[in-house]
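In the two assemblies presented below, subunit A is common to both, partnered first by subunit B and then by subunit C.
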Partner chain A sequence: MSRRFTALVVVAVLLAAPLLLGNAFLQRVAALVMLAAISASAWNLIGGYAGQVSIGHAVFFGAGAYSALLVYKLTDWPPIAGAPVGVAVSLLLACVIGLPTFRLRGHYFSMATIAVAELIRIVVSNWQFVGAAVGLMGPAVPRSLADLSFLSPLPYFYLFAAVLAVLLFLTWQMQRSRMGFYLGAIRAGERAALSLGVPVLRYKLLALLLSAGFTALAGSLYAVMVGFVDAESALGILISVQMVIIAALGGAGTLFGPLLGAAILIPLQETTNALFGGGGTGLTYIVYGAIILLIARFRPGGLLELLHWRRRRVA
Partner chain B sequence: MPNVRRRLLLLAGLLAAPSLPVIAPPAAAEDTVKIGVIEPLSGGAASAGQAIKAALELGTEIVNTPYPDMQGLPLAAGTGFPGLGGRKLELDYADNQGSPAVGQNQALRLITQDHVVALFGAYQSGITLTTSAVAERYGIPFLAPESVATNLTERGFKWFFRTTPIGPDIARAYIGFVLDQRKQGRKIDSVAIVNDTTEYGTSIAEVIKKQADAEGVKVTQNVTYNVNATDVSSQVLQLKQASPDLVIFISYTSDAILYARTMKNLDYRPPIVIGDDSGFSDPSFIESVGDLVQGAINRSAFAPGRPGTLSYKMNALYHQRFGRDLDETSARSLQGFFVLVDAINRAGSTDPGKIQAALRATDMKPAQLFTGYNGVKFDDKGQNTESAMLLTQLQGKDYVAVWPQAEATGSLQLPYAGWK
Partner chain C sequence: MSPEPLLEATGIGKAFGAFRAVDDAGLAVREGEIVGLIGPNGAGKSTFFNCLAGDAQPTAGRIVFAGKDVTRAPADAHARAGIARSFQVPVTFEDMTVLENVMVGAFLRQSHRNDARARAREMLEATGLTRLADTRAGSLGTPGRKRLEIARALATEPRLLLLDEALAGLTPTEVQEAIGLVRSIHARGITLIIVEHIMEVILSLAERAVVFNQGRVIAEGPPRAVVDDPAVIEAYLGRSMRRRTAPP
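Coming up: the complex of A and B.
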């Protein structure tokens, strides 16, 4: 009861927050928090719940982002029309990447995902059809409402929040279903899970497919908002790493962990820039590094764990 | 439920903490004119961004304090903007971190929060694309002094202005030089282009081929390779076999160095070598293989020139302050900066619409410029139609301006010497 109440209040506060900010820049930061929360929550399905730490999710993000602008370039349709294409492509990619790499465990799996992502980044940056090194651009000026190109960041915020809500609802359902328990078992020990009759490969693949689909959707939404994509900004390793850091900061394998992580990291990234613009360059990365160190040393379970631990003690 | 409240408080604190500093914007002097500058101050292109920032700091000082020595340069003589009652200039820097999304965000911040009157930047073409789209929608003038991607001025934007020469200008300079040499009786019947397969390599090669075709110069060979190559002997052997009259290299630093070494090892000396900007301009290239590529011809929008000229004085000021010569990219940046402040001054207002109108009416003459442009004048797309470049030649440890004749500070030495 109290838990559901907390969740409700948090959601209400989050939804109202950008209205109170009344400043386009801060509203946009809020929209970016939602966007980052979508991709980190999507990563969380395979990386958190199933414990398969992929550092190559930029592949799916890139598939979504590129599909949106490629569909626009080829057909002149609004970029968002490319979102289903991006999801389809990334599901296909998930199968192609997942089946062989799932045979690897732990660090070897992570390294394999990095390798695949880098490979695809290099191929894309040399492939004329998708703009090679120049990248692809969206409509320079919005032609209709369907282009989803708004001056105010608020429509983006609510669009992203809605997608996030769907994703979190699905995750919540999954968490309580058989699949949630299977993934927990896989995370705790693949061999043990297998010996107990858990169809490990099938469920890992299922989690990856769900994860890839939503990551691609995040990529499409990104492309729609930013209106430009190139290999570095959509397929770069930093995209993958950011999903991992955000989820780990808030709490990997928890429902609201990625959202919390995004709400802390994204504003941090933007405000260090605002504060130190000319002077403290690179400070963002120093802060990133410090956060990773602190989490790894003191709170491997993420910040949400801190809250749960407090509750347990009070109870 | 005290535990719930505590948890909520904690959560709220965590959510609010990072955004606190921005809610209270730093107090700024009321009467300055603010221009937003978005450059790569961290990330892969940070060294270029920092050099640009240094040049712009010098530029701000020239605007804000009297520099009577810099005759012709707009706003140098007095303090601040005379057109705005002597108000001073303030540059508001933002780091684009090499990301189109971050750049876009910073553009929004500079416009809506810091209320800058114009935006300036953003080095990487992709980031210039996204940041200028924000400026366009808010109706704020955007001046791009460095980015060369052709599509930037093909978007039909009304608030976008670009001072730098772009691909076609580069091609015009090279082919113009070839035609000039032919006129003087030098035989240039076959041209080879060597380029990597990056955006830079392919696009520059493309425009040169196009221009050559139009002017009746035959490109007989196009050798391509992958960037950061480990071996280029087969490419050099291909060239040696065909022995063209002119070879144009479009390469980044490490590849340019590799070509210089390989050509020495295989004893190949084409009659004329052009090395397009990037790799051949890098100080580390000249440091490591300068002795092997004597007489290589390069392009530049800036050369310090003869004593007494504006470019010479600007370079001297920069050198005195930072202990190194003004590099080509920073020079283009600084030139764009002076075009923008001149327009703001002529507008006599900080109203974006008036600044836009003043930019449109820009007509600067070579005497007001320190780069090799023939002037600054914008077409309907916002591209500077008078931008041009000069050709330089590596003689010893320095590039010396050799073409066109009017701006030459040294004499052209052909054929290509390579190593002694």
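Coming up: the complex of A and C.
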């Protein structure tokens, strides 16, 4: 009860904060935190709860981003109309990656995700139909509200927060259900899970499909906000690694871990980018590397675990 | 004679390349029996056991459980059909609590969370683990883990329970407690196949013992008779020992 109250207060403060900031840069950062939290929470379904680490989720993110702007380019519809297409393409890709590799134990899945993501990035950056090296553009000026093109970052913040809320609610329901227990069993030991009648392949695939679908939605939202997409910004390996790091930093396999991770990493990243300009991208790699080292060395369970551990100690 | 056996394995073979770990082994178990599988190290009993559990696919032979052919079925299908098992080296879900571990098993027949929890609590009660319900499984010792595996397997509501050295590595007191536990499981109407090294366990629990050596079944019968069988003594102790112990 008191925990629920604390959670409510935290959510209220988080939702009101961007309004009070009144600074466009900070509001933009807040919107990006929400967006990163969506994709990292989506990654968390397969990488955290099911323990199947994907390092190629950019392929789903890119499918969503490209579908949005491609649908706009071909039909002149609002970019967000491309989101269902992106989700459908992602589900198809998830089956292509998951069906053969989930039959094997070990790291085959991780390797397959990297391979497919890099392959598609290279194909896309050479394919004229999807803009090749130039990329795709959204509408230059908003034609209607449906274009979801706003000058202020605030509407994006609330749009992303709403999508995140839906995703976290579904995740919470999943976590408490048979599926949550089964994914935990798969993560802990497939052989034991099978012996208890857990249809391992089916549940891994289900988790991957859910994960891929929401990652694609995050990609579409990104394209709608930025109005531009190219192979590097939507399909680059940094996009995949960012999801892994955000989830692991906050706590993979926990409900709020990815949100916490995003709230720490994104402001850090945007600040270094603002301070160092274009040269900042190099710094991003260094920051990612440092975080991987710190998590691996000191807290494999992420920051949320630290919090729980403290609480248990005190109690 | 009872009608159909609950489990019937015939002509089971399992080859790893040229090596035949199990060769033409057969076993029929009637509902309500306790059967012990014994044999020296490397005799193929664990491999045979894994074939029965669906963890390994036999390269020859046929396994029929409750009238259904399960020879090629994967392990999860075996569990659904009503065959549960424990592992030689316990594999509990470390980060989950004891109760949550058992709930994973209970979810096989209960789709709702509250029903699964209620079922899991019953199983904890039956195996004497209620006190440890909220303990992290990873912090249990060996006897606790073995008990937890049995509770988890029972939660799947099996007709046949396969115990793979469930009593190995326990102290004599713990062994006595575990024997009591196995008896209470049997009293629930569950058929048992136990692989065991400790002869005392087989003698006090099993109605029938099946002896493996070099991948084959070399003897079968009441445990007392089986341990006196010259072929069994030879398999365990070697030829010279038999000569020394044989009457003049």
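What we mean here is this: the second predicted complex is superposed on the first by the 299 of 315 C-alpha atoms of A that agree within 3 Å, B and C clash if a C-alpha of one lies under 4 Å from a C-alpha of the other, contacts with A are read in each partner's own complex, and residues count from 1 in each chain.
Methods note: a contact is a pair of C-beta atoms (placed from the backbone, for glycine too) under 8 Å apart; a residue touches a chain by one contact, two chains touch by 3 or more.
All figures in this text were calculated on a predicted structure; none of them were measured in a lab.
Visitor: Just checking: does A:233 make contact with subunit B only, subunit C only, both, or neither of them? Give me first, second, both or neither.
Guide: Touch status of A:233: first partner only.
Visitor: Using the superposition on chain A described above, determine whether A:267 touches subunit B (first), subunit C (second), both, or neither.
Guide: It touches subunit B, and subunit C stays clear.
Visitor: Which partner reaches more residues of subunit A, subunit B or subunit C?
Guide: B
Visitor: Look at A:290 in the shared chain and tell me whether it touches subunit B only, subunit C only, both, or neither; answer first, second, both or neither.
Guide: neither
Visitor: Taking the superposition as given, does A:222 touch the first partner, subunit B, the second, subunit C, both, or neither?
Guide: A:222 contacts subunit B only, not subunit C.
Visitor: Going by the contact rule set out at the top, does A:10 touch subunit B (first), subunit C (second), both, or neither?
Guide: first
Visitor: So in the complex, the part of subunit C that touches subunit A is made up of which residues?
Guide: 53-55, 74-76, 79-80, 84-85, 87, 91-96, 100, 103-105, 107-108, 111, 113, 116, 152-153, 155-156
Visitor: For the complex, give me every residue of subunit A touching subunit B.
Guide: My answer: residues 2, 5-6, 9-10, 13, 17, 23-26, 28-29, 32, 126, 132-135, 137, 140-141, 151, 153, 222, 226-230, 232-233, 260, 263-264, 267-271, 273-275, 277-278, 281-282, 284-285, 303, 307, 310-311, 314-315.
Visitor: Per the contact definition, I'd like the list of subunit A residues that touch subunit C in the complex.
Guide: 176-178, 181-182, 184-185, 188-189, 191-200
Visitor: In their complex, what parts of subunit B are in touch with subunit A?
Guide: Touch residues, subunit B against subunit A: 1-4, 6-8, 10-12, 14-15, 17-19, 21-23, 41-42, 46, 50, 53, 92-95, 97-102, 104-106, 108-109, 112-113, 125-126, 129-130, 133, 136-138, 149, 151, 155-157, 197-200, 202-203.
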